[in-house]
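Next, two complexes with chain A in common: one pairs it with chain B, the other with chain C.
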Partner chain A sequence: MEIIEKIKTNKSIDNLTEIQKFCLDKLESTPLPNPKSEQWRLANKSKLSNFLDYSVNEKNPKFDTPFPNTSQSNIRLVIGDNCLINVIEENYSIKQLSEDKLVKYIKEQISCFNQNENWSELLNLSLNSRKNTLGLKINGSEIPPIEIFSHASSNSLNAKTLVIFLEKNCDIDLLQVNLGKDNSSLSQSTFFCLEENSSVNHGVVSYGENKSNLLNSLNVIQQKNSEYNLGSLHFKFNYARFEIRIKQSEGNAKTNIKGMQITKKDEQISTYTKIDFNGPNGFLDQINKSLADDKSHAIFEGSIIVPKIAQKTDASQLSRNLLLSNLAQIDTKPQLEIIADDVKCKHGATISQLNEEELFYMRTRGITLPEASKLQLSSYFQEITSFIPVSKDRWDLLDKLLNEN
Partner chain B sequence: MVNENLVKDVVKEPYKYGFVTDIETEKISKGLNEDIVRLISQKKEEPKYLLDFRLKAFKKWQKMKEPDWAGLGYKKIDYQDIIYYSAPKQKEKISSLDEVDPKLLETFDKLGIPLTEQKKLTNVAVDAVFDSVSIATTFREELAEHGVIFCSISEAVKNHSDLIEKYLGTVVPASDNYFAALNSAVFSDGSFVFIPKGVTCPMDLSSYFRINSGDSGQFERTLIIAEESSSVSYLEGCTAPMFDTNTLHAAVVELIALDDASIKYSTVQNWYAGDEEGIGGIFNFVTKRGKCLGKRSKISWSQVETGSAITWKYPSCLLLGEESVGEFYSVALTNNLQQADTGTKMIHIGPKTKSTIVSKGISAGNSINSYRGLVKMGTKATGARNYSQCDSMLIGDQASANTFPYIKSQQPNSEIEHEASTCRISEDQLFYLQSRGIEFEEAVSMMVSGFCRDVFNQLPMEFAAEADKLLALKLEGSVG
Partner chain C sequence: MQNKMKESDPILEVENLSASTDNLPILKGVSLTVYPGEIHAIMGRNGCGKSTLSKIIAGHPSYNITNGDIKFLGASINSLEPEERAQSGIFLGFQYPIEIPGVSNLEFLRVSTNARRKFLNKEELDTFDFEELVKEKLELVKMDHAFLSRSVNQGFSGGEKKRNEILQMALLEPKIAILDETDSGLDIDALRIVASGIKKISNTQTGIILITHYQRLLDEIEPNYVHVMSDGQIIKTGESNLALELEKKGYEWTDNFIKNTK
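Moving on to the complex of A and B:
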C-alpha cells in the first residue's frame, strides 16, 4: 500500500490522469505481486522492495549520453526530454500519436491485464503521467534507424512509457536503451503494435550502474505477415527484470528473439517471456543466454502457448547458461503448452561452465588462461550482440561486455 | 486420409479389468478423524511408535492445504466421504495359498497375476494387495533362503519392527506434501522388501494392487531397502473396477539404496480411467521417492502410466552418495478426459552424481498430459551431470501436451542438458507403412511403439510386452 500512497501524495505529479487513477485502483487490490505465483516466486523480495524505496520523480535531469553521439542519419529520442517529434519525409513519416488514440490503446491493453502477471505495467502506468510517455506512429519505408533512451536519475524512481504503432508495410530498425544511474529505479513499459507486413529489428540494451534497478516490460502485438526481431542485453543492475509478452494475434507471423543477461556481485537479473500464438503458421526462434558470476542469480522463464487454432506453428526455444562461480545460481524453466496437433515445437536448456577442453586447446597454443576465457566469452556474447540493430557499428557492446567481465 | 469414425470406434475399447469381485468385506465407517487413525492402527495391532507416526502425520495433514499448483481440474474431494479401511473377510492367519478365499484367487487369476501354484513357474514373486490389505505373497521361502525379506508392510511391522522404525518416513517425511501426510496417517498395507548385503535378488519381485470397493480409498505404502552391494528389480501393477464415482489412491513409495546397491522399480499403472464423458475413474496422487544414500548406488524408475482419471506423480531421486545414479523412464498415455501431471525430481547433492530422464507423453482425445520435472544441482555436486529428454506426441486436435521443466544449478562444475519436442503421427509415415501392406492400426501401433522404444527397453521383459499391448489397445487408430 505504501507505494500507492507515495504516488497519490507525490508533489511532482500535478494531477493524476484517468489511466493513472484506473491503474492505481487495480494496484490497490494487489499492491505487491503474489510472491507464490510462478512469475514472481524467484524474485528477490528485498531487492524488489528496494526498487520501490526511492521517491517517485517525474522530473528528468539533464541527459548526458554515455554512448557516441548519433550521426546525422539517425533519429535519437529521449523519453521525457525532447519527446516532440513530427517528421514527414517523402518516403516515410514519424508522428506523435494523438492523445485520444494513445489513451484508447493503453486502456484496451489494461483491460486484458492480469493483475499479477502485468503488475510491472500497472505500476508503470500508475507512476507515469503524460510527461514521460512517448507515443509514435510510424509508416513508410527507408526510415533511418531510431534510438530511444530511457533513463533514471540518482536516488529516485522514474517511470517511462513507450507506445509505437508500426503501420502496414513499414520496416524499421529501433534501438531502445535503458540507463540506470547509481541508486536509482527505472520502470520502463513498451507497447508495440505491428500491423500487416511490417517488420522491425528491435534492440533493447539495458545498462545499469552501481545499485541501479530496472523493471522492464515489453508487450508486442503482431498482425499477420509481420516480422519481429528482438535482440536484448541486460547487465550491471542490482536488480533487473525483463518481461516480454508477444502475441501473434492472427498467426502467420515471424518472431525471432535473442536475449542475454549478465549478472555479477550479488545482482539478480531475470527474463520472463510469454509467446502466445493466436493463429496458424506462426514461427518462433528464441534463444536466451545467461551468465552468472560471483554471488549473483540469473533467471529465465519462457512459456510458449499454442492453442488449437494455431496449427502448423513452428516454435523453438533454447536457454543456454554459463555458471562461473560456486556461489552464483541459475534457474531456468522453458515451458511448452500445446493443444494444436499439427505443430513443431521444441525447447532445450543447458547449464554448464566454460568448456575445459576448448580452454586447454587454446592454452596449448600459447594463449593465456584469461585470454582464452575472454575468447570463449566473446563467441558466447557475439551471437546476441550481433543481433542487436544499430549498436553493432557504432557502439562496441562486445568490447564493453568483455572488459566488464 | 484417416477415417474419423474408425478413430472413435477404437478409442472406445472397453476397460477389461473393470469387473467387481463380489466378496464379503470388512469396512469401517466413512470419514477421517483421530479415532479412525487409532482404529486402523489398532486393527493392525501396531506398536506405539507407528501409532505416534500416524497421529503426528494426521495433525500435520489437518493443517495442510490440498495443492492446486498443477492446475488439474477435478471435483473437490470430500475426505469425510471415504472409507479408510476395507479388507476382504478371511481367516486371521493364512498358512498357505489354499486358505485364501477362492474368489480372490479367481480375481487375480482373471487379472493374469500368478498367485496359484501352477503359475508360480513364471519365477516372479508376487505380493497381492486387495483394497486395504495384502492377501498373499508368493515365493517367500525361496527368497528367505537368500536372506531376502519380501512381505506385506503389516507383517514387516510385526516381524521386522526394527527396520520399519529405522527407515519408515526417512525418504518421504510425513509432512512432505498433502497426500503423503494423508497416506502416513491412514496407510493400510503395502509391500516391504529388504535385500541384505551382497545379495542379488534371485527373482523379480512384484506387487499387484487391486481396488475393489467403490467407496474406499487405497493408501498403500511400499518400502524397499537395498543394503550394500545388493540389487533388486521390483514390479508394480494396478487395476480397479469401473465405478461411476471417483476413488482416491494416495500411495507412498520409499526406496533406500546403500553403497553399490541398485534398485529398479517398474510400474504399469492401469487404474480405471473413467468413461468417455470423464465419469468415474481413480484419482491417483502418489509420492514416490528414492534415496541414493551410498556411494555408487543406483535407483531407476520406469513407468507406463495409462490409467487413472487424474495422475499426479513424480517419482524422484535424492542423489546423496558420491557417483550415485538416478534414472527415470516414463511413458504416459492419456485419452478421453484423463489428466496426467507426471515427471520426476533429480536432486543432485553428492559429487559426480548422474541422472537421466527420458519421458514420453502421448495425449489423445480431450486429455491433458503434462511433464513437470525438477533438476537441481546443489553446491556440493561437483562433476554432476544430468540429461533430460521429454517428447510429446499429440493425437487429435483436442488433446493438450505441456512441458514444465524446472532447472536449477548452484554448481558451476556440473552440466545440465534438457531437450523437449512435440510431434504427431506423421501422415507420410502412415502412408509409407500402409503402402507396404501394413494395416492402418498396426502401422499406428508400430509408430507409437517406436516412439516409446527408449522407455520400453528399460522395462523388465514381462512388463515390456504388457506395456506394448496396453498402448496398442488404448490407441489403435486414434489418429486424427
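Moving on to the complex of A and C:
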C-alpha cells in the first residue's frame, strides 16, 4: 500500500489522470505482485522493495546525453523532455498520437490486463502522467533510424511510457535505450502495434550504474504479414526485469527475438517472455542468452502459447547460458503450451561454462587467459549485438560489454 | 644416441618426466632431448601417452607433473602458463584443432602473432601489415585467403584444419614445434602440402617433434630419431629405419621387447 500512498500524496504529480486513477484502483487490490505466482516467484524480494524505495519524481530529470552524440541521419527522442515530434516528409511521417487515441488505446490494453502478470504496467501507468508518455504514429518508408531514450535520475523512481503505432506497409529501425543512474529506479512500459505488412527492427538496450533498478515491459501486437525483430541487451542493474509479451493477433506473422542479460556482483536480471499465437502460420525464432558472474542471478522464463486456431505454427525457443562463477545462479525455463495439432515447435536450454579446450587452444598460441576469455565472450555476445539495429554502426556495444565484463 | 655430444645447447630437455591427471599416472619417466635442427618422431599405440606428453610440454592445466622436469632453452618451464610457453617459442599442433565459433581466423592469427612478436621485441603488426605477412605464409600451405574471414576452424575440413595449424606455426616461428598426428585425416595431396610446409618452416635453429602412427609422414619428412612409446615411457629410440621396422613388425614387436627387458 505504501507505493499507492506515495503516488497519491506526491507533490510532483499535479493532477492524477483518468488512467492513473484507474490503475491505482487496480493496484489497491494488488499493491505488490504475488510472490508465489510463477511470474514472480524468483524475483528477489528485497531488490524489488528497493525498486519502490526511491521517491516518485514526475518532474523531468536532467538528461545527460550518452555516447554517441546525435547523428544527422538519425532521429533522437528523449521521453519526458517535453518531447514533441511532428515530421512529414515525402516518403514518411512521424506524428504525435492524439490524446484521445492514446488514452483509448491504453484503456483497451488495461482492460486485458491480469493484475499479477501485468503488475509492472499497472505500476508504470499509475506513476506516469501525460508528460512522461510518448505516443507516435509512424507511416511510410525510407524512415531514418529512430533512437528513443528513457532514463531515471539519481535517488528517484521515474516512469516512462512509449506507445507506437506502425501503420500498414511501414518499415523502421528503432533503438530504445533505457538508462539508470546511481541509486535510481526506472519503470518503462512500451506498447507497440504493428499493422499489416509492417516491419520493425527493434533494439532495446538497457544499462545502469551503481544500484540502479529497472522494470521494463514490452507489449507487442502484430497484425497479419507483419515482421517484428527484437534484439535486446540488459546489463549493469542491481535489479532488472524485462517482460516481453507478443501477440500475433491473426497469425501469419513473423517474430524473431535475440536477447541477452549479463549479471555481475549480486545483481539480479530476469527476462520473461510470453508469445501468443492467435492465428495460423505464425513464426517465431527466439534465442535468449544469460551470462552470470560473481554471486549474481540471471533468470529466463519463456512461454509459447499455441491454441487450436494456430495451426501450422513454426516456433523455436532456445535459452543458452554461461555460468562464470561457482556462486552465480541461472534459472531458465523455456516452455510450450500447445493445443493445435499441426505445428512445428521446439524449445531447449543449455548451461555451460567457458569452454576449457577453446581457452587452452588460444593460450597455446600465446593469447593470455584474460584475452582468450574476452575473445570467447566476444563471439558469445556478437550473435546478439549484431541483431540490435541502429546501434551496430554507431554504438560500440561489443566493446562496451567486453570492457565491462 | 641421445647422449652424444652436440655442438649447441639443446632446445628442449624432458628429464625423467612423470605426470598424472585425476590421480591417474599417464607418463612414467619420459626423457627426451631435442637439439637445434633435429626432427624427432614419436610413435606408439593409442593411449600410450604420446598426446599427453605434447600437451604437458605445452602446459595443459589438466595434467600434474609428479616428477621430473621440462627445460626449454636451458630453463625449467614447469611453472609457466601455456601462453608464456607459446610466446617463448613452443608450438603445439593439435591432433583435433579446436573450432572457435564467432572468432575470426584473421583476428585470431593476428593476436597470436603479435603476442609472439611482442615477446621477441618485434614491432606488433596492425591489420594491414599483418595481411601482407599472412598472404605470404598462406602460400606455404596453399590456403585460400577466404579462410581468413571464417571463424577459427569452423566448418573447415580435416585437411583444412591441419593446414591452418601449419599456417599458425609459420606465423609464430617457434623454436620447437610438437605436431600431434598432423598427418591423420589427410589425403595424399594434403599430406604433401602439409609436409612441404613443415619442411620450409623448419631450419637449423628449430626442433620438431612429430607424433604419428604412420610411416607415410616420415617418408616426406625424414626424422633424425624415432622414439617408441608404450605405457607412458619411451621404450626404444633409434634412427629413421626404426619406423620402417615398426611398420613391418607391428607393435607386438615392441611388446616382446618390453618382456625381454623386464
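Simple rule for what comes next: the second predicted complex is superposed on the first by the 404 of 405 C-alpha atoms of A that agree within 3 Å, B and C clash if a C-alpha of one lies under 4 Å from a C-alpha of the other, contacts with A are read in each partner's own complex, and residues count from 1 in each chain.
The working rule: a contact is a pair of C-beta atoms (placed from the backbone, for glycine too) under 8 Å apart; a residue touches a chain by one contact, two chains touch by 3 or more.
Everything numeric here is computed off the predicted structure, so don't read it as measured data.
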item	value
Superposed partners chain B and chain C on chain A - clash or fit	fit
Partner chain(s) touched by A:90 [first = chain B, second = chain C, both, neither]	neither
Partner chain(s) touched by A:362 [first = chain B, second = chain C, both, neither]	second
Contacts of A:375 with chain B and chain C, given as first, second, both or neither	second
Partner touching more residues of chain A, whether chain B or chain C	B
Chain B versus chain C as contact partner of A:100, first or second or both or neither	neither
First, second, both or neither for A:332, with chain B first and chain C second	first
Touched partner set for A:383, first chain B, second chain C, both or neither	second
Nearest Cα pair across chain B and chain C, whole Å	12
Touching both chain C and chain B, counted on chain A across the two superposed complexes	none
Touching residues on chain A, where the partner in the complex is chain C	356-358, 360-369, 371-372, 375-376, 378-380, 382-383
Partner chain A, residues of chain C touching it in the complex	58-62, 81-83, 85-87, 91-92, 94, 97-98, 100-103, 107-108, 111-112, 115-116, 119, 151, 168, 172
Touch list for chain B against partner chain A, complex	377, 379, 392, 394-424, 480
Touching residues (chain side chain A, partner chain B) in the complex	308, 311, 319, 321, 323-326, 328-353
